[in-house]
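Shared chain: chain A. Partners: chain B in the first complex, chain C in the second.
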Partner chain A sequence: MIDFSATTAFRLVRRLVMGQGTASMYLLIYDDGAQLAIEADLQAEVEVQMAIPLPIGRVSELLDGDDSLGLAGAGPIRVLRIDRWSRDLVALLDTHVIRLERAGAQFLFLTTPALAERLLVEAPNFRNRLTEILRIIPDDLSGGGPH
Partner chain B sequence: MSWEDELKALAHDRENASEAILAQMTVDNPGTLLRQLRHYLAEQANRGKLKRTYDAPRLDNTREKGLQELVCEEVEFRSDSSLTFSVLLEPERTGWLVKRFDFHLHFVGRSINMVRIELLQDRGHDPLNVPRCHFHIGDSNAHIPFPIMSPRLMLHLICEHIELDVGL
Partner chain C sequence: MEPNIATFDRRQVYRPFLERLNPSSLLDVEAQDLIVPPDHDPRDPDQPPIHVAFANTAELSRGSQMALVGGIGSGKTTELRLTLKLLERHADAVNIYLDLAELTDLNTLNPGAILIAVGMQLHRKLKKADKQITEIKLAYQKLQELAKGKTVWVEDDGEEPDEGVYEGPDPDVVAVHTPGLLKPRFPAMERNVMEVRDLVFQIAMPLLESDSQITVLIDGLDRLIQPERFREFAEQDMRALRKTKISVVVATPLLLWFDKGRFLQDYFDDVKHIPAASFDPGKSAFLQQVLLRRGAAELMNEKDISGLARFSGGVLRDLITLARTSAEAAYREDKDRIAFGHVRSAIRQLGKRYLVGLGKTQRRRIQQLMDNEEFSIQDPTSAALVVNRQVLEYFTHGLDSFAVHPALVEVLAESE
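Entry: the complex of A and B
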């Protein structure tokens, strides 16, 4: 697996604030066991930096609903977990990635190294449309940031 | 009552009023305050007032009795001024109370070399000369009374007013 640049929720949300109003898609890879801490960090930072709540859902929600990829009413930032492999879902992501872009939101796809590796191989359109792929690490409030 | 006793009584009244304000000034939790202060500093960096974005302050949660301290070792302004600060928080039933803080701003090339605003951990025995919340300016030994306010407001006051103006 390529060693992607590391970031924290604090640093990432700062970038999202700068790019507010512009569509973007980040694939965020977290180490096993760090999911809850990462999600809590993201929610806390969005609350502090943008004063909005941050809904977190599963990427399978994109398959639900009658509207375009289930995006009706989505906020400016949407976090979607990719927590298990599904060929249908990956095909959907790869096929409709442009529609995601047109939603105008900032999408954060959270996943594990193993799923990310597979996704990047099997969903080339999705991969090519990503703004950036980052390794996200828990924000150690008592220590330093990413190095 | 002697003139000096009257002054002491007035100083005690001022300290009582300050203590009442302090007792009402709770923060949600140290992690949230840390994120708020860090975000404020990041905004200052966005506006070009700080030299860079800092991952500060950090949280020292190794203190006894559940106390936690936010520590910001040094941030540098474009003007070369530097700021260090710490905020000690104590858990209470209703939230976290500010127990002590210390904001220390150093200037470079100004007629005044520093301003330091301190909230002492405990109320002193001599409030006439050493108020619990006070500031020092330059090389003066005077402890000048200072109003107690939220650390967030204190940081704003320092970044937007004191740093921009004092000693120029």
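Entry: the complex of A and C
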């Protein structure tokens, strides 16, 4: 996997605070086994720095219901896990990424290195519209190094 | 008493810039006058810009069908919006801008669906009195049924219906079709598409009778990476609009531009291509102007602005991404201005994004291109590199050419 810049929840949320009000989409790649710790870090940081709750869902939820992409009522920040491969879902993400962008929210897509690589290859529109691709590591393992 | 000391808030330095780089809606982009309109056709400096050419054609040759081709992030939506804005100069203009991704799932779109969307939007443009006309009311109702589907309860006769079987008037006779020798240029229009077309005509009638200038601008179909799907819509939905006075401008997938069968040129009245923009400031200051219009001069020096332009490869969205990532890097380091280091870090981040998916075969093609060897767009691996923007298409001095994205070049060597 490509060595993307590393970040932590603290640093990422600091950027999100600065970019509040503008649409953004980050693809966050975590190492196997770190998912729960990262989600907990993100929720804690958003609550502390932005004083709002952080909803975490699966990206497959975008396919649910009549509201395709399930954007109605989405908060200013939303975490979406991509935890399994689905060709239909990737096709939907790729062709409808503009709708996510126009939702005006900040989307954080959480996934593993293997899924990220497949996703980026098969969804060129999505790749092109991503604000940034980052490797996210738990706060206590940061060692002060990452951005 | 506490002294009144204003606290410096660095967020306020960068937020306005980020908001101008990435406004929350297209309307905001227009309201804030953030678009730098190109001053000529990107393939011909002697011709007017694409949006002017399209608007002129729609105004003078009603019923024209025009295609806009360009890679991901090349500025197709911007050109469509500029065309839309220009068309508003005439009071009788009825303009419809459709982003199909907003309306339906493009991956499961059926022939006729685009026509339905056009019909629905045309209905919104009718005067209240026209909406009350019985034929129009019925046509609109039927269109809605076709769009959303309906359930009809019928009496159960106990027999299994044969799906899709055509029953003629005489049950002892079966149809045997002998194909003609003269192959039609485009396949026959499907029956349900013709039905939708008639309903759309009915709805459009008051506008057509009052001699209105109707133009439909369709965005989103270019996001269908496989050009076959697009071809299907052109052959059905757009063809159904052919004989009306309704003009159409549609964004199309890039690969169709390189189609050996010349489908676009055969089918459409006018085809315009947006190649990657020139990033040489000696030839064009367009990319620099895009950043300056959004306030870059307040935060970075001229050299770094040129650096961003150069490493964007002339891809507008990459230019915006680079500027944004640079600003975020500067903010992260508690700096009040964007410096060379932040720009460099942004370029490398973008380059790494393009590294994803490069296997041995892709790297070989890229190396061949960098060594000035042959690069054939007909080769599927090369075509995928162009679609993914790892390789960009340019048009200079009357010639098409390809080059590896400069941000990718920056990180390619160290990744091997």
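Following the convention adopted for this analysis, the second predicted complex is superposed on the first by the 140 of 147 C-alpha atoms of A that agree within 3 Å, B and C clash if a C-alpha of one lies under 4 Å from a C-alpha of the other, contacts with A are read in each partner's own complex, and residues count from 1 in each chain.
One rule holds in what follows: a residue touches a chain if its C-beta (ideal position, glycine included) is under 8 Å from a C-beta of that chain, and two chains touch if they have at least 3 such contacts.
Worth saying up front: this structure is predicted, and the values here are computed from it rather than measured.
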{"item": "Residue contacts with chain A in the superposition, chain B compared against chain C", "value": "C"}
{"item": "Contacts of A:V48 with chain B and chain C, given as first, second, both or neither", "value": "first"}
{"item": "First (chain B), second (chain C), both or neither touched by A:R14", "value": "both"}
{"item": "Which of chain B and chain C A:G33 touches, first, second, both or neither", "value": "neither"}
{"item": "Which superposed partner A:P124 touches (first chain B, second chain C, both, neither)", "value": "second"}
{"item": "Overlap of chain C and chain B interfaces on chain A (superposed complexes)", "value": "11, 14, 18"}
{"item": "Partner chain C, residues of chain A touching it in the complex", "value": "2-5, 11, 14-15, 17-24, 68, 88, 91-92, 94-99, 102, 104, 116-117, 120-121, 124-125, 127-133, 147"}
{"item": "Contact set on chain A toward chain B in their complex", "value": "8, 10-11, 14, 18, 44-45, 48-49, 141-145"}
{"item": "Residue ranges of chain B touching chain A (in the complex, touch as defined)", "value": "31-32, 34-36, 38-39, 42, 46, 53, 55, 58-61"}
{"item": "Residues of chain C touching chain A in the complex", "value": "11, 14-15, 18-19, 21-25, 72-73, 99, 101-102, 104-107, 220, 223-225, 317-318, 321, 324-325, 328-329, 331-332, 345, 349, 352-353, 355-357, 387-389, 415"}
